Amino acid sequence: MGEKKIVVVQLSGGNDYLNCVIPYDNPHYVDNRPNVRITEDRVIPIGDGLGFNPVMSLIKDLYDQGKVAVIHGVGYPEPNRSHFRSMDIWHTAEPTKVGNEGWLGNAINQMYPKHDNVVAAVNFGAGLPRALVSHGAPVASVTDLNTYGLMNHVSELDQRNEALQAFKDMYSQAIGSGPVMDYLSQTGLDALKGAEIIGGVTDKYSSDVEYAENSFAKSMKGAAQILQADIGTRICYTQHGSFDAHTNGIALQEGLLTDVSGGIYDFYDDMKRANKSDDVIMFVFTEFGRRVKDNGNGTDHGSGGVAFVIGDQVDGGQYSEYPSLAADQLLEGDLRFNLDFRSVYTEILEDWLEIDASSVVKGEYEKVGFLKN
Amino acid sequence: MTTTTFGLKYVTNVGFAADFGGRGFQLPSSMAIRADGVIFVVSRGKSSTKNSNGIQMVTKNHDFLGQIGTYGAGLGGMMWPTSVVLDSDENLYLADEYFNKVTKYDREGNPLTEWGTKGSGNGQFNQPSGLLIQDQLIYLVDSRNNRIQMYSLDGDFQGQWGSEGDGEGEFNIPWGISDDSEGNIYVADWRNDRIQKFDSNGNYISAIGEGDTSVLDRPSDVAVDPDGNIYVTDWGSQRLLVLDQSGSILETKRGEADLNPWSMEYLSSQDDERKARESFIPVYKADTEDPSEVSARMEPYFWDPVAVELDQDGTVYVLETGRHRFQIFERI
Amino acid sequence: MTTVHSRQEALLMAHLLRRAGFGATPYEMDRALSMGYQAVLDDLLNPDHPDVIPDDLIRRYHVDQSDLRSGGGAHWVYRLVMTDTPLREKICLFWHRVFATGTTKLIQNRVVTNQIDMFREHGMGRFDDLLVELSRDPAMIMWLDNQDNHGSNINENYGREILELFSMGVGNYSEDDIKETARAFTGWRVVNPDYMSIRMRNNTARPYGYMSWQFEYDDDDHDDGEKIILGQKGKWNGEDAVRIICEQDATARFVARHLYHFFVADELPVPQWPHEEPRDPEAIDVLCKSYFENNHDIGAMLRTLFESDFFKDAGSRYARIKSPSEMVIGTMRLAGPIDLPSEETYMADAACANMGQALMRPPSVEGWQGGTEWINTGAYVERVNFAGRILNDSDKQGVRDIIDRIKALSDRQTITSDELVDNCLEVLGPLEVLDTTRHGLKNYASKFGDLKWSDQSLSSEFDRAAVAIIQLVVSSQEYQTI
C-alpha cells in the first residue's frame, strides 16, 4: 500500500437522514412524515427495517461488496441548527467555542510540520473550507482542474509560460529583502509550485470510467486524477448541495443523492481500475440531519445525522444505532445523536492518517471500528 | 364612472418562502391568472441559488399544482424572469431580463419558442420588464431602452414608441404595463413617478401622478377595472393605491397578511417557533421613516409590491417580492 | 498636466489615497495632486457632498439585495467600488474588522448592512456616540446575545466583549467590571426578542421571509440598582457605562493601536497586544493625546494620523499586507466604474471570501487579524488570478485610461520596453518596487522590443503588451502590500 489518502465529501445544507437511510417500517416515521416520506415500495432495503433512498442503488452495490460503513446517529452535544455554526463545529471540531483552525488543516500541519508538501491537500471549489485552514498549512483550491494554475487568465500558452517564468524570477530574486517580503515571496513560489504540480496531473490521467455531467462528478473525477498521479496529495475535499430542502423535499434530495451516489461509485471504480483503491477512503458527512416531522412540503433543520465511510479498507456494515423516533425520545423534535463525530475523526486521524488525534479533536474519543485492522 | 364609496378588504394571502422550488415562491416578480383560476407566479430566485427560480402554479384557495421551467440557458430556462402573461389560447409568455428574451410555453408548460437579443434595435431589448397581450399583439416594456415594443404572438417585431425623458410619451425606466376594457394602455413609468396612458397605437392620452406633487413613488405595476379605477403597486412607498382617472386616491392599502394554510402547516411542525409566535407583535412602532425598512420589519405589510392583477370577478391580487406571497383583496 | 509635481509629492499622495481610500486612477491622482495633500485630506475627512448611490436601481435590478437575505457583501462591494467618499467606506471596513458581526450567526444580511450604514454615519464621530449606537444596534445585540441579558439574570457576553474587544483590551478591567457593565446593559434588546431569537436559531426565513430587527429598551427588564464600573459608582445605565469606558486611558490606547494597525503599519495580532509593545510607541502616544484633546473624536484622530510624520514616513509605505477587500476593491476601481450591481459584484464579493475575508461573515467575534495571516498558497493563487483577470481587458474604461496615460508619458510615438515598465509602474501608483522586481519586469518586457502606436494594428499590439505588463505588475509581491 502507498500513502493513505482520504476524500472528504461534504453534503452541505443538511442531508435528511430519515430519507437517506430510511426506517421505512417504523410507525413513527410514517406518522411524522405524512407528506415527505419515501414509501416502502421504493426503498432499497439493507436489513433491520432500514433501507437506502431509491436513488442510492450504486451505494447499495458497494454496500453489498462490504465497502460501505453506515454510521448512525452522528452529532455533538447541544446541537446547533444554524448551517454555518453547525458546519463550523464539524470543521473545527470545537462544539463549545468558536475555533480558528480546521481539523484537516491541523492534520496537515502534523503530517508536514515544515510545510514542505505544497499539495498535501486539495479542495475542489472556490475558497477554502474552514476544515482545511490552519496557519501555514498549504492547501490548493481548484475550481476546474483543466484550467487550474497561476495566471490562468493568460490564454495563450507560450505567453503564459513566459509570464510564469518572469513571476518565478521576480519572486526568487526578492528573497532576502526583509521578513514580510520573504514571506510573500516564499508563499508565492509555493503557490506556483503547487499549481504547476497540480496542473500537470490531467495529462497523465487516462481512464475508461465515464463520470456524469454535474459539479460533484467533476470534483470526484478531479480527486481521482490527483490521487492517481501520486503527487503527494493526502486529502481531497469536495462538497455537494444544497440539501436544505425546506420545500420540495423529496425531489431535491433525490436529485442530489443521485449525483452523490454516482460520483462516489465512479470514483471508487476509477481507483479500483487503476489499482489504487486500497489506499483511499471516502468520508461522507453533513452538518445536521433534518426535523423528524415534515412541514408539509419539506423538512427543517434538525440534529443527529448519518455519515458514511467507504473504501476497500473499510469493514462494511452498520455502526452505532439508529436514534429512536419515539416522541418522548426526541430533543425539541429532533433525533438525539448517539455517537460524537469526534469519535469518527479520531479513528480516521489515528488509524488512517496515522497521526495524533487528541490534539486535533481536543480530547479522547472512543473509536468506532469501521476500518479494517 | 367611479363611486365615492370605493373600498377594499383583505381576504387572504398565498405564498411561502421557498428556496428550491416546491410549494411557495422565492422573490416573485410577476403573476398571471388563467380563466379557470390557475395562477402563475414567477419566482425570480436568489442569485446565489440557481434553481430557486421557476413559474409556480397555484390557486387562490392554496392549492399547489406544480412548476413550469427552471434555471437554465436552454429553451424554457430562465435566469432573471420579470414578467409572465397569457394569450387568449392560454399560452404562456415569460420575459427574462438576464437573457433579454421572451419564451413562449404552451398551455401544458412545454416551451415552444423564444426570441430576443440584447440591444436597442428593432426586435432587440435591454432588460424587458413587463408584458401585455391585446388582440394578438404583445406589448413589451423595454425598460433600459425606455420604450414599448410590439410583437406578434410568434415574436415578429411590429412597432415601438417611447424614448428617454419625462415628457409626454417619454419614459424613465418603465416597469409594468396593463390595459383597460376600452383597450387603452397604461404604463408604470417607474422613475418618473407616474402612470402614462396611451391608446393601443401608443398615442399619448394622459398621465396620472405627474410632477413634483405626484402621489406616486416609483410605481411598479398597474391594473384597471371596468369602471376605470386604476390600481397601482406603489413600490417606493410600499403601498397599493387605487386612483380614479383624475389621479385622486380612492383607497390606500399597506398590507395586512396573516398566516395562510401553508404557513400554519409549517408552524404546526415547529413547536418552538409556534410557541414563540404566541407573544409575537406583528406590527409595532417603527423608529424609521424608510418605507422599505419598515416593510422589512413588519410581516403583514407589503414588501416590494411588484405586480397587481385583477381577476374576472374584480378580485385584487398584490404580489410582493420581499415576502414571497400575494395578498388578495375584494371590493366592499 | 499644467503643474509639475515632485516625485515625493506623488509618492506621498499615492500613499494617502491607498490608505485613506482604495488607491487612485490616473485621473483621480491628477485631481488630487492639483488640490494638494491638505485639501485632499480635508475632503476625505469631511466630504462636502453626500455619497449618492442609486438605491432604487439596486433594489429593482438586484432583487436579492432588496430583501438582503443574502447578497449583503455584494451590495457593499458595489458601494466600495463606486463611492466617491472612500475614507467613509474605509472606516466602515475598519469598524467591521473591530466590531466584527456576522451573518453566519444572524442569518440575515439586512441587519448587518444596517450596522454598516450606522458605521457610515457615526464611524468618524465621537467614540462615545459610536459605542452607544453599537450597543443599540440590533445586529450586535443578537450577535452577542444581549436579548438574553435580563435584569433578573444577566448574560455577560456583551459586557465582556465591549470591554475586551471593542474598547479597552484584555488586562485593563476586572471580571467584576464585566458583570457590572453587563448589568448596565440589561433591558437593551430587540422588538419581539423571543420570536426573533428562535427564528435566528432555527435559521429560518419561513413563512414570509426575514424580518429586520429594531432596538427596544425595556425599562422593566433593566437592573437600575447601583453598580461600580471601573471604580465609578452610580445607578448606571448603558450610556453611563459607555461614558465611563470612553474616559479610560486604556480605551484611547486600544483605539489608537487599532487605527495604527489599520492605517499605518501591520501590528502583531490583537491577542498579543497586552504582552507586546506597539511597533511605534510614540505614534500611539500622539494618537492617544489627540483622542483626549478632541473629545474622543475619531475623525480628529484620523486627521492627526494622516498629518503625522510617522504616517508620511517612507517606512510606512507598503508596511501593510493588503487585505482581500483592499485587493479586490482597489483593483476593480483601477479597472473602471461598474454600471449597476451585477454578476461582477457577486464575483468580487466571492473573491474577497476566497482570499480569506468574507465580508459580513468574519470567522469569529475577533474579526480578522490581518498581516501575514492573509497570506497562504490558496489565497495567493486567488489574489494573483483575480487581479490579472480584472485587468485583462483593454476595452475596460480604467484599463484604457491606464494605457493612454502610459503612452502620454512619452513625448514620442514610440516607447522602449524598459520605458513601458517604468511608465506602467508610474501610472499604477506610482508603485515603488524592489530593483529585482523592476528588473524581472523589464526582462519579461524585453520580448516586446520597441513599441509604437502609430496605426491601428501597432496600437492593438501595444495594448496587448501593456496589458501583459500590467498583469505581471499586479502579480508582484509589492502589489500584495499597501
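Letters A, B and C mark the chains in the order given here, with residues in each chain numbered from 1 onward.
Everything below uses one rule, namely that a contact is a pair of C-beta atoms (placed from the backbone, for glycine too) under 8 Å apart; a residue touches a chain by one contact, two chains touch by 3 or more.
As the structure is a prediction and not an experimental result, all values here were calculated from the model.
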- [ ] Give me the ID of the chain with the smallest distance between its Cα centroid and the all-protein Cα centroid.
- [x] C
Task: Selected pair, greater C-beta contact count between B-C and A-B - done: B-C
- [ ] For subunit A and subunit C, let me know how many angstrom lie between their CA-based centres, rounded off.
- [x] 34
Open item on the list: Could you work out how far the Cα centre of subunit A sits from that of subunit B, in whole Å?
Closed with: 43
TODO: Compute the distance, rounded to whole Å, between the mean C-alpha positions of subunit B and subunit C.
DONE: 39
TODO: Could you check subunit C for residues that touch two or more other chains and list them?
DONE: 202, 204, 206
Task: Junction residues of subunit B - those touching two or more other chains - done: 16, 19, 262, 266, 270, 272
- [ ] Give me the residues of subunit A that touch two or more other chains.
- [x] 246, 295, 300
TODO: Report the residues of subunit B in contact with subunit C in the complex, numbered from low to high.
DONE: 15-17, 19, 27, 29, 44, 46-48, 97, 127, 173, 175, 190-191, 218, 235-236, 257, 259-260, 262-263, 266-267, 270, 272-273, 276-277, 279-281, 284, 286-287, 292-293, 296-299, 303-304, 321-325
- [ ] Provide the residue numbers of subunit C that touch subunit A in the complex, in ascending order.
- [x] 103-105, 107, 200-204, 206, 266, 321, 350, 353-356, 361, 363-365, 372-373, 375-382, 384-385, 388-389, 392, 434, 436-437, 439-441, 443-444, 447, 468, 471-472, 475-477, 480-481
TODO: In the complex, go through subunit A and note every residue touching subunit C.
DONE: 80-85, 88, 98, 100, 118, 123, 126-128, 130, 133, 135-141, 150-154, 159, 162-163, 165-167, 169-171, 173-174, 177, 180-181, 183-185, 187-188, 190-191, 194-195, 246, 295, 300-301
Task: Partner subunit A, residues of subunit B touching it in the complex - done: 16, 18-24, 49, 64, 262, 265-266, 269-272
Open item on the list: For a test of understanding, state which residues of subunit C touch subunit B in their complex under the given definition.
Closed with: 56-57, 59-64, 66-71, 74, 110, 114, 191-192, 194-195, 197-199, 202, 204-215, 343, 346
